[in-house]
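My questions will all concern the structure given below.
Think of it as A, B, C and D in the order they're written, each chain with its own count starting at 1.
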Amino acid sequence: MLKVKIIGTGGYGGVGITELLLGHPEAEIVCMVDPSNAGKSIGDVHPHLDGLCSLVVCSMEAPEAQEPADVVFMATPDKVGMELAPVEIEKGAKVIDYSGDFRFNHLATYEDYASRLGLDVVHQAPDLLKESVYGLSELRRESLNASTRVVGNPGCFAVSALLGMAPAAKSGMIDLNSIIFDAKTGVSGAGKTPRPSFHYPARYENMNAYRLSGHQHVCEIEHELARLSGYPIHVTFTAQVVPICRGIMTTCYAKTTSDIDESALYDMYVEFYKNDPFVRVYPSDKVTGTVHVRESNYCNLVVSHDPRTGTMRIVSHIDNLMKGQAGSALQNMNLLFDLDETLGLALPGRFP
Amino acid sequence: MLKVKIIGTGGYGGVGITELLLGHPEAEIVCMVDPSNAGKSIGDVHPHLDGLCSLVVCSMEAPEAQEPADVVFMATPDKVGMELAPVEIEKGAKVIDYSGDFRFNHLATYEDYASRLGLDVVHQAPDLLKESVYGLSELRRESLNASTRVVGNPGCFAVSALLGMAPAAKSGMIDLNSIIFDAKTGVSGAGKTPRPSFHYPARYENMNAYRLSGHQHVCEIEHELARLSGYPIHVTFTAQVVPICRGIMTTCYAKTTSDIDESALYDMYVEFYKNDPFVRVYPSDKVTGTVHVRESNYCNLVVSHDPRTGTMRIVSHIDNLMKGQAGSALQNMNLLFDLDETLGLALPGRFP
Amino acid sequence: MLKVKIIGTGGYGGVGITELLLGHPEAEIVCMVDPSNAGKSIGDVHPHLDGLCSLVVCSMEAPEAQEPADVVFMATPDKVGMELAPVEIEKGAKVIDYSGDFRFNHLATYEDYASRLGLDVVHQAPDLLKESVYGLSELRRESLNASTRVVGNPGCFAVSALLGMAPAAKSGMIDLNSIIFDAKTGVSGAGKTPRPSFHYPARYENMNAYRLSGHQHVCEIEHELARLSGYPIHVTFTAQVVPICRGIMTTCYAKTTSDIDESALYDMYVEFYKNDPFVRVYPSDKVTGTVHVRESNYCNLVVSHDPRTGTMRIVSHIDNLMKGQAGSALQNMNLLFDLDETLGLALPGRFP
Amino acid sequence: MLKVKIIGTGGYGGVGITELLLGHPEAEIVCMVDPSNAGKSIGDVHPHLDGLCSLVVCSMEAPEAQEPADVVFMATPDKVGMELAPVEIEKGAKVIDYSGDFRFNHLATYEDYASRLGLDVVHQAPDLLKESVYGLSELRRESLNASTRVVGNPGCFAVSALLGMAPAAKSGMIDLNSIIFDAKTGVSGAGKTPRPSFHYPARYENMNAYRLSGHQHVCEIEHELARLSGYPIHVTFTAQVVPICRGIMTTCYAKTTSDIDESALYDMYVEFYKNDPFVRVYPSDKVTGTVHVRESNYCNLVVSHDPRTGTMRIVSHIDNLMKGQAGSALQNMNLLFDLDETLGLALPGRFP
């Protein structure tokens, strides 16, 4: 059994990986760290888990938090992972970090990212950054293995956008200057802290765009698309929030450069993902929505092409807290420890 | 007092214009027609109106339905207006029709529209079609006046898309081949009839695209944009549904052809709508959402421009049942009878 | 035109009375006070009102806040009204206070109320308290008139419970020891300040009871029922919150002492409210819900009686922000100034 | 591995047991029957299961539907189970029926039940009825074992009400004539078929009572409470629907006959359920709601007592589709086959 430590238990990212690990046959949570909940049982922090887990949350300074683990999930904000990961790795653990701290191998890209969030652009663990791997398994599986020590778990918007555009970007069949991502997220993507715009009465009948001047997930999207296509890429990205709890639907647009039609596009997508158990590719008349990936690790892609305007359009659906966060994190853990990639993840959500 | 007849009382379109007319100082509902609710009081058909209106709904054949009115609102499906409008006009009424029956002056455009819905492409009132006026007041105010006999009230998606793109299309500053509308609607846009995909448990946590092969509102969008720009236009349009009741948010994209920046774009939009009481233009850092136009006749436009990709992006917000339907219909009535355009419409929605 | 001052503009209570007054033909808002929003336009504080009202919110110390008004609405927390009302009354205004400060004429009852909220039990305006009138028009209309200087606007739960139980309590036909109110409220009842339990993701699929040890609205419920029945009364009251925005549904139970049947009970309720324009009484097979009183000043009562257990059951529906707050406040203003009780209030909500 | 047949795959009951069985280590679905979906893959019927199950749904007449199974779940409407159960039992299966067909051992009780639903009161399998067991494990565990051939799975409202009231009813400490259940259910309890009152726009901001003249679940509630207390019992029961998908909250009231206080009441409930892994008993200040039992088999009970009125109040929370349906069904299967009662059920829901 892998010994697992979770740092940042109290938030949505922490509870998501906890729920998954409680059902994983080869891993066991041995330590949960969360300064603001130290001393509380899991049942007090997350009442729905009362009776299913008997651990007590501890502080960073607690003796049990010093014990080595096989893998550490850092469900923590930016800047925490770069401080703590080296310590955990020193003790022999592999680290999977949820924040942007290890999503880029280059300092320059990190700086662009950090500046978009108004953060200090200096990275505190530049050596570790060099060896980190971007944890989107479908695009980086070959680098996610026993030799990997630190994984930068991808941003939720980036997962939806990249899985939607990767095959096209790699194919050479689109105008790389024409890429637009129109992304809609559920509210859980904003985390657990109450804010006026996520107060129930202000949100239940509201949708809006935000951060129009530039969302930080654009960095990893452009970085990965450039890697796939071989060209530097700028994309237009719109972040929008709608009143659902879980789910991201990103509609991905690009002008097609060749005489590709919808059928050929669909075949290309099916081929690209033929070995990816969590990507389901559908033709344009498939009835699917975010509810069909809710609480599962799947990404559903609907492929369409408008011949009138020469525009391809991929509608990409994920659960932002699963494939967009804890699910991808667990998928990465499975790969790093040479387990079946789907272990503990081949689960249906509950419908309705 | 204008005498008003409403045909199609039972649906969302019928109840919307009823609610507005109950507060209009210059108009009075004298007859409500709805075959499926004939004989029922308004309080039985719409319980929230119990005590506020004492009319009894009648059938098409009822004597009171034969009486002439000054204006007839046809909150009816396609193909009904073209049959009944000539009769009402013959009796001296002006007709405002909610369907696509009178949104186009040309038979060819109507045929494209009707074929997208799988309807008979033959128009039953071709002479009346020629004189009909497309009822989007902000773009057609000069044609909406005492001489107008029949108005084709615009489609809800079209209202949001056209108000978002009209200034840019007219300006000559965008690449007309690059226009994309990413449209998200609330569920009330689908009307009152229960269907599996709008059943509460299947919808409350779901968003999805639909009719990817081509939405019928594209016809009127392309037709009006062509009129404004002077060029034939094809646009990419994506219809999506999210779990809110009222509201459309359409994000409008186009490549800019000149060195326009966000500030100049904003000024152009402000100038374009300076005489339009129901259009509010905001800069890109304004916090606004569909909740702020909910139950009102306003359209909120947020103007942004991404210099990295040379793409303008207008986020357009309306209430699909107000500016997208009954509100525009009443605005048209006011114009046709030379009343203040805002009469009975300068009302706030209720927040939250 | 009555000159109206609103103190506490930024919250849900303030915006509610603002929306109503913007459509009232005999009243005009002349001053809006809110320390935390001083200097902002109404369009900045409440974006949905942008363009409909051009006032600027001011501080308590601003010169315009010192001007006398005919009526002052105090949409403020407990303890503010008792401090400010004497000053406004001194200047000649009538005061309608939203909090519990003036809901009771007796210091002892106020003390019970204040202690339930953990507030200082000492009342700062005991003389004014003596002349205050409880502002539930249907039960206190005879005391709400030109001579009234201060009104304690009722609590939202209390409105629903009292309108549901008043006829039975007065009738002598029920066991006064058996009264139970099972009350469910929408989230807007908790106000505008974000809190963890009203964060969208934590609330959208959640219902729960709260404050089981004793809700403060019980005081005014028991006080008014005692007044109606002539006997001291203790009731069981359960406050529960469900994921809607607006609405309270309170199911009111009592054992019937005589051989009353459902039909007689219904007739008694109809008779009791025959002169109340905002109370609609329905038999037990009526299909109605909170959506049918949403955004209106109506209270819908469904009357039923279970002969198997000798229990009457009244299902009482209101909009907590309308009949439960701003609507009742405006109704009180109309009565105090001898205007038609329904002026500016005979409005339908919007459906759906 | 137990071979499982599911009859009625397409509805919420069918999909619920399917989701659970896909993760059960000792059971395997071998046949799915549903006439209206015959020939479709599970991924077509339930898109969220695409890739997780490769069975094809068959008709009743299909050869595979004739094969014997170890256990048959009948997720079917009333009157289907009584026709099909004898056939399956004849082949050696145990039958767990979701409807009211086998919830009562006596024809008279069944007749009362059937008449409330307007069904034919004649039972088609009276002999089998005699041996059927009411499948609420916490109250009937001793009768749910290897000798049981047919189980009447309980109604969702009944589960919440009975778990809330059983300890008190058995204790002799309450006035059995004073029992009131105020029950609120999410919309999924009404099943998958679209209806006007569950259409998203009509439901999202609505709560209402229904079937005030008498809900059919009252029969099993009264029957079980009589069994526990030793006295015939009539209860007052109010069914209400609120806009959530999953969850029932039933507030259970009764007058206490002795000098019991909240602490003693709480201890009694803890003691009663000390061996029940899926019942969690909490004191009155516990913050819990339906979200904390969502998608799990738990029942959360909050115990309170109002000494002012001598009334006990238990707030009972379940997921209507889990403990209220599929979860209880699987719990029954485990008991019937002498498996650990929690096998495949000790799962957390997903939060948020």
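Here is the rule we use: contacts are C-beta pairs under 8 Å (C-beta built on N, C-alpha and C of every residue); 3 or more make two chains touch, one makes a residue touch a chain.
Being a predicted model, the structure only gives us computed values, none of them experimental.
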Shared interface partners, meaning chains that touch chain A and chain B: C, D
Taking each chain's C-alpha mean as its centre, the one farthest from chain D: B
Of A-D and B-D, whichever chain pair has more C-beta contact pairs: A-D
Computed distance of Cα centres, chain D from chain A, in Å: 37
Approximate Å spacing (C-alpha centroids) for the pair chain B, chain D: 46
Two or more partner chains touched - positions in chain B: 12, 186, 188, 201-202, 204-205, 243, 245-246, 287-288, 291, 294, 352
In the complex with chain C, residue positions of chain A that touch it: 12, 186-188, 192-196, 198-205, 243, 245
Chain C-facing residues of chain B, complex: 12, 15-16, 19, 22-23, 46-52, 188, 204, 245-246, 277, 280, 287-288, 291-296, 298, 321, 346-352
Touching residues on chain D, where the partner in the complex is chain C: 177-178, 180, 182, 184, 186, 197, 201-202, 204-210, 212-214, 234-236, 238, 240, 242-247, 249, 251, 253, 255, 284-285, 287-291, 294, 302, 304, 306, 308-309, 311, 313, 315, 317, 352
